[in-house]
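Shared between the two complexes below is chain A, which pairs with chain B and chain C, respectively.
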Partner chain A sequence: MDPRRGARVVIDPKVRQVGFFAPGASPGRTQSGPPESSSPPVADNSPTGNSLSPVMIPPPRHASDNLLSARPALYPPLRRPGDTIPVGSYNPSEFFHGTSPTASFYSKVGDGEFSEDASGAGWTHRGNSGKVASSFPGGGFDLTAVKPSNLTTVSVVNMPPGISVKSGGASIEVQNEQPASSRSLKEKTSKAERRALQEAQRAAKAAAKAEVSKAPIAASGVATSVNAKPAKVSKLSSQKKDSASVTASEKKGVDRPPEKDRKKDVPHPRMQFDDKSRVEKAKRRAVVRPIEVRNRVELFRHLPQYERGTLLPDLESKFFLLDPMHPAVYKVGLQYLAGDVSGGNARCIAMLQAFQEAIKDYSTPPEKTLVRDLTARLSSYVSFLIECRPLSISMGNAIRFLKSRIAKLPLSLSESEAKASLQSDINRFINEKIVLADKVIVRHAVTKIRDGDVLLTYGSSSAVEMILLYAHELGKQFRVVVVDSRPKLEGQLLLRRLVGKGLSCTYTHINAVSYIMHEVTRVFLGASSVLSNGTVYSRVGTACVSMVAHAFRVPVLVCCEAYKFYERVQLDSICSNELGDPDAISKVPGREEINYLDDWAKSENLQLLNLIYDATPSDYVSMIITDYGMVPPTSVPVIVREYRREHLWI
Partner chain B sequence: MPDVQVLVNEFIIKLKKRKVEGSQATARMTAELLRSVISQQRVPYNNQAGALIDAIKAVGEQLIAANPVELAVGNIVRRVLHIIREEDLSLATAAVAGLNLSAVSDDEDDGEREDHPVLSAAAVAAAARSTLRPPSLQTLLEDMPDSAAVPQSSSSGGDSEGKSKSADKSSRSRKLKHDIIEAVNELIQDIATCHEQISEQAVEHIHQNEVILTLGRSRTVMEFLCAAKEKKRSFRVFVAEGAPRYQGHVLAKELVARGLQTTLITDSAVFAMISRVNMVIVGAHAVMANGGVIAPVGLNMVALAAQRHAVPFVVLAGTHKLCPLYPHNPEVLLNELKSPSELLDFGEFSDCMDFGSGNGSPLLHVVNPAFDYVPPKLVSLFITDTGGHNPSYMYRLIADYYSADDLVVQRRPASGN
Partner chain C sequence: MMMDFQVVVLAGGTSKKLVPLVSKEVPKALLPVANRPVLSYVLELLEHSNLKDLIVVVEGQDAALRVGGWISGAYVDRLHVEVAAVPEDVGTAGALRAIAHHLTANDILVVSGDLVCDVSPGAVAAAHRRHGAAVTAMLCSVPVSGPLESGSSSGKDKTKKPGCCNIIGLDPTKQFLLYIATGPEIERDIRVQKSILRAVGQMEIRADLMDAHLYAFKRAVLQEVLDQKDAFQSLQQDVLPYLVRSQLRSELSLNGAPHTEENGHDKVVPGINQVMLSQLLAKTSTPSFHELYAMGPNGSAPVRRTHKCCVYIASQDKYCARLNSIQAFSDINRDVIGEASHLSGYSFSAQNNIIHPSAELGSKTTVGQNCMLGEGSQLGDKCSVKRSVIGRHCRIGSNVKVVNSVVMNHVTISDGCSIQGSVICSNAQLQERVVLKDCQVGAGFVVTSGSEYKGEFLAKKER
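Moving on to the complex of A and B:
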């Protein structure tokens, strides 16, 4: 431990310790990344590669991370003069923020260099690796960038050594070895610098600065030489650039995100439906003319709410009028509307697959460019889907991903290549961001289930269901409490599936949650999204459940794939929400005797409010289990910040 | 007597089958039943109060056992016992005072004095037990005769007086019974009118444009809100529907009929909405001596949410809901599990509910409790017939209505005390 720490001390100042870079992620990489991509490829599996892989930070590392992160603050003076300038001049502006031009340049380079890669995805250089990289910074290094390898890396990185059932022993070994090798590497690479640096520090700060500036360069050289394919490097570079940007950003002058770009980061204001003029405009564009629900709740004027009953037949009748609408998209829209497809993941996957279909059947009209026309087409699909049901945040993120992929299609690609690349991008998104992410989450979460536990879950979350089933498969002895609430009663479906698999379950309504909470040892919740202030945005009632759990000192674990993280913030459940069908409240299925409100719409003083989501304050959440590991809610903004670019870039 | 027994049995069956619901109805019926028990009860010459107390305790015990969760029954039984003690006490003190003033005869005086030493131990104990008894002018002024009279009245007090004046006796016994029945009538009246007295205070608590949240349906709450509305306050009400009984639907309908702006929400949306609410007003099933509330299921959640957002949590409770007991593990012991059919459709889940898993235990349990326990720290204010009170004051308020001797309604093996 000691030697390692020593090494870090020296090295750290150069690295911006942000997010989840393991101590191993060294300064060398940070700066070396971008340049390397163009540099000649070198042999792959060299030790450096391993050492480079920043690892998900398991809890113990957090401490060290903190130490590290604290350190940079001490050093800035050292770094400034010498260090930043070379770096800054080099990448930040063009590479990162140059946005499309540079990026496209890169992509082209990538293509040219690796045609095999390009076949899979035109973009590969970011594509394959980026995928991996996005989920695990640096994770992509150890093996060749093949799909299976991605998978293994995922599991490797995330899993506690003992548990990795699926990923072979090899991956485990990799994981275990990595730290050691990285450490030794570290020492080798930077020993000279370190020593120099120490001396320099003692001697004079100015000198020290100079040293430091050299150090990264040297390190980068090593890294370069060691580094494998350019593709990988570029992958690295994408991560690196972030960290580099961070480093640079310490100095205000060289700030990574230029002002313009930073403004772009602020999410667009959402459509406010109490803004008459904009609503009018939107209506003119709309395919269908939904009828506003009567007796709107005053507090929620800013949200759209339409009559359910009329929308579906209206849409159906317009099927032939909507010629630009692809049938697959249309079908998905109707499914949303009818509620056949619900749940963040399911809706997102359904939408992406529909888009895939649509792209497959797409042909660029004459005199138009694919990039622009397809984007426009996509936007019209999206607005159609929004009319059917407001987008979930997961869908919003997926759409942004897809659009950014389209926007970055290299012009050199032929139409069929472009389409193929987009389709494979979509596939990759589904596989890696949703399917694999869920697997990783399951692996993580299972470690938190012990024999004899009583696990409470609310509603029906696909991730939680997988966790419970997997834990059951592993033979853990536990009991499940399914808490449900009106009007959807999704818990009953979950209950049915769990009981069918032989889990022992207790079912109750949310009102009784404080009765049942005495016996509960863990609460597992799903989420529609996690906002960057740590607020968990989820099915209405989740907040109540986690509040009661908090009051009873029961840990609340929220399971959420990282692609659902969102950079917006929200303090309450009112500013942004979705309104469901009010009629669902007035009727109680199976209880015909409750019919007091059958004619509720006649009395103007009465409103029925059917909220779909609510916002759980982050202090009720003990832990968020995501594909990047198990993090406290306060780390969400870090993940959002570090990986958002890669989400778009992938 | 036999006809009373019939009435008692009838009521017991109703309680057991949960045919009577709502603490107010139960309280009223209990009080009426006890009134007829008292009026039918033949009173012996001596120790009439003791005989009445025994009779009431006998009936009360059965009633409480019939529905131990309906605390209003026990409350009313205890209050009737308290009334008997009070009436007897006041008669006795009146008599003693009269004797002291008028007759200075030796034998009377001696009788009193002889009794004192014998009873003093019991008297001290009783006095110690009843320290919570409200201090009256009488107890302050004439502590000597009173402290003796407390135990005497129920046990041997009658004897000594009985020896001396039997004519006075019979008139007194009739007077005692009459007074008690009067007082019980008053109690019934109180129960019937508690809504009005509580709702009179509505305007003091609800201001213009207030947003109020409530859960389920309580008649007290309904009248409270309507009273404020009648006083021209305009405010809006969020009603959580209160699954699985969905009484919130009824409340919403009633409120709308009175012209109140009402929004019905699901129970799960309580946390989402409470940040826009100024006050939570709910009814209670029972109020315990520590200020905790036994309330319809779901209210603990509401109270926690209200606390989180610093929204006052106000509980309306008639005095018949004040229970002199301190709760222990109330979530379980003072709760009742209702039929799962309210939550799950048996037909749909019939295959899961049987002992299908092979090892003899069913895989699926459905929990449908009727009540929640809201601890006193989550309650901001109680509004009762007698005004608003802090949770920490409830024990004192309760001492006004119950005598400490009656906390356990069980006939002691020996008569008397």
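Moving on to the complex of A and C:
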């Protein structure tokens, strides 16, 4: 792993966008809406600073391990340029032409698929940043004027936040610096602005303190950056690091509030279910009122787990009571919940088609704008779906795509045109990102199948199945080993279809994988997602299969559509995962006589763990076959980046 | 139109099974259960599920007028109800056929008006939607029938009526209906199709379940069946068994139709992608036996058309009963003020009974548990009322015993009567020292003094 990280440092200007760390990644981005160079380090640093971000609190030990090990590698090379370049003269000029595209870019990216109040963020962002630009000249002057004189600026610094008057009479609030006032602002200002304001104030304080003890050099740095603040959140926060490092005592005071603040701002999809207060809050909002399983495995407390039996009847009985829910969305939610639809592609397609229906039946209520209202509507659908089952990464990406499309609808479009365009966007997404992508993957992958091969696959992946069938159609002579595992036994369905098509197959369970592996020549695996450190996030058991294959020196080819790639980095399968029904592993259907664990839930000493996903380290993956070609796992970040961009200009 | 569902309540007319309780004045839907028309239980169940747009179908013009009049009085501003009158004896299927052109929503919820239950119709609808079924039926366990204590057990043994149990075949997951036979058919042998058995592998046959007459239909399916099969009269005995029988060789032309219109605006991607898409969806989802069967042996694109018949089985702790016999009438009355008291909508007193404040009780008169005394009723001295419902403005003399009975409105009972397990309809008159056991007294009938009856129908012979 280390060598890879080294490599990343070498190509750092490119990778930076991608290579931040799991926890704070997306919120960090949301808030920093700046030109490219400075933002990534911020995103990197802030999570390390607040080592437990609200997004995904890994169990403490792991967190510190990961982050500590990560820091030395990433930190210095990234920060140095970030520090020196943007703070100074760079800023104004870059800002002026930079704003609109970049701001929109980030708003789009950060417009997290799930955050509810980010609805229509694209618009607010853009509009505001435009205003910032216009109001900036004042600040710009300040900056130039202030630069040489070191610390008198601090009082001026309080002014620039005053510039946030851009959104309306906020000047008073600036002075009293109280959370209450900023809260009142909340409706009007975007997140980035609010944050800017707060940080400006805080940094100002920090600077004021630093002033006494510190040399003018550092102080001037503070001052300039502080000036930049109204314009640039990011610079500020990178700067904040400086000031924080200068005054160690101040550091905690500075760091903690933003964390709280962020918690308030962004209800992240991955709620930590061991956080009692938030769980309570979420329950109040929730449509479904699940009963939580009592004895959960300690390490996985942060993941939701409910008594399976209670969720479905509860939701079913409320069928007619959920007024705003579109029937199609409801149906999909039920299907997720009941397990009728599973698998990344199928779930994503089902969801998109439901949204398509919902958009078709949508009409903007009076005195609302389509862009905002539809986004809010969509968010409520999404949170409903999350209640039914946590989103897969593919779905998250699709939602993000859809929301960005909504946010970018030109205002001039009539409602029907807008709806039509969204519907065709969804169609295009399905066709290009899933159907065509699969076709391309099949074309690529087939070149890797030769006569006489023995191909092993695990579980049931739609892409792998298509590859096998296509290779068979081409007349290649090969044998397939289908490895399966309890409790889902998805492999049996795959097996049935393959055998039906006349392929010669071997079926075995995962506990025999080391036995069967010596005769295998290639391993084809599907994936739920590929993370940007090359980790393959997939059905539980995949890691085991690929490790065995690695040990036997059998190449492991992972087939995954690029829309499932995710910029997050994950090193283990603990911090983000999904828990399945514990009954599924405690019971063997049809074998009453061996169900010894019938009333296991009553026993305090027994905890069952039915994980759904696992993370395969990229070391064990020889190649990832995607719609952009066959790439090594180390190239995933490149695709994520390029794809993101293309995603933007679709 | 909530969630794209339309609700049809089949309120029936004057059922022959319930003579002498029903009459021209009191159609079946208005029979009092705990002093409330039985139809109100269904309407309130639906209202509770936020289903406020209803179509109520009543057999017979007169009955329709009465039902309509009652509904408009009781539910003004609460529900939007349309009452449709259909000719008598058209059957449930015929009634639906008559109003078929009013049905526009994607799915139709058909509820029998005589259902007294607390199972959310939403659950049935949700199960229906989830599976995309052609029809979903609600099943519940057969209610305990007959009087509670064995001492007064009815000699006629109405409890073992063959008509009230069904034979139902389910798949192992208890989600699909594989076989259903009702009342009269049970006498014959049970015939199960091989194809269904082969496709499912295993069938569970249950006799302890009852069809609650709450169905969710796909509208297209329902209308098609009703159009094509003119002879079908009853939903339960014709339409549902037909759909169940033909589920693996569907003659319905519904499948695939919605898909083509869905993509109407994006014709750039023709055929092949669409097929691939549907395959993608189908393959990754867990197939029911229908899909497996449809796919045929070689796992290619569907070769056979199927439709799904689903069931929703209400859990044991829910109450569910149908008022379709006299026995059921007294059972339901007993239950609604007894074990299923949450259904009645009344608040019970500390003695676990309901006595309207305007009711008058004589000295040494006792009203036991699970009793109900309507507005303005008067009881003389030394009376005893146990597990009974007494309607409005009844006049009951002294020394009267009422046990396990239903007394409707404006009934006069003279001194010294003893009533057990009976139903006495409105305006009836019981003269002195009448002893009734397991009798039904029709509306306006006068029982002469001193007479004793056991297990008889007493009604005017004018019909």
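The rule is simple: the second predicted complex is superposed on the first by the 377 of 650 C-alpha atoms of A that agree within 3 Å, B and C clash if a C-alpha of one lies under 4 Å from a C-alpha of the other, contacts with A are read in each partner's own complex, and residues count from 1 in each chain.
Methods note: a residue touches a chain if its C-beta (ideal position, glycine included) is under 8 Å from a C-beta of that chain, and two chains touch if they have at least 3 such contacts.
Nothing here was measured: the structure is a model prediction, and the numbers come from that model.
Contacts of A:371 after superposition: neither chain B nor chain C is touched. Shared-chain residue A:282: touches no atom of chain B or chain C. Of the two partner chains, neither chain B nor chain C is touched by A:638.
In the superposed model, A:603 makes contact with chain B only, not with chain C. Using the contact criterion defined above for the overlaid structures, shared-chain residue A:430 touches chain C, although it does not reach chain B.
Once chain A of one complex is fitted onto chain A of the other, the partner contacts of A:407 are absent, as it touches neither chain B nor chain C. When the shared chain is aligned, chain C comes close enough to touch A:335, but chain B does not. In the superposition on chain A, A:575 makes contact with neither chain B nor chain C. Touch criterion met: A:496 reaches chain B and chain C at once. Overlap of the chain B and chain C interfaces on chain A comprises residues 496, 500. By the touch criterion stated above, chain A contacts chain C in their complex at residues 313, 315-321, 323, 325, 327, 330-331, 334-335, 338-343, 345-346, 349-350, 353, 356-357, 420, 423-424, 427-428, 430-431, 434-436, 438-439, 460, 462, 465, 493, 496-497, 500-501. Interface residues of chain A facing chain B in the complex, by the touch rule stated above, are 297, 299, 484-487, 492, 495-496, 499-500, 502-516, 518, 540-541, 543-544, 547-548, 551, 572-574, 577, 585-586, 588, 590-591, 594, 596-597, 600, 603, 605-611, 614-615, 617.
Across the complex, chain A is touched by residues 241-244, 246, 249-250, 252-253, 256, 259-273, 275-276, 297-298, 300-301, 304-305, 308, 331, 335, 342-345, 348-349, 352, 357, 361, 363-369, 372 of chain B. Within the complex formed with chain A, the residues of chain C that make contact are 2-5, 49-51, 106, 120-123, 125-127, 129-132, 262-263, 265-266, 269, 273, 276-277, 280-281, 283-287, 297-300, 315.
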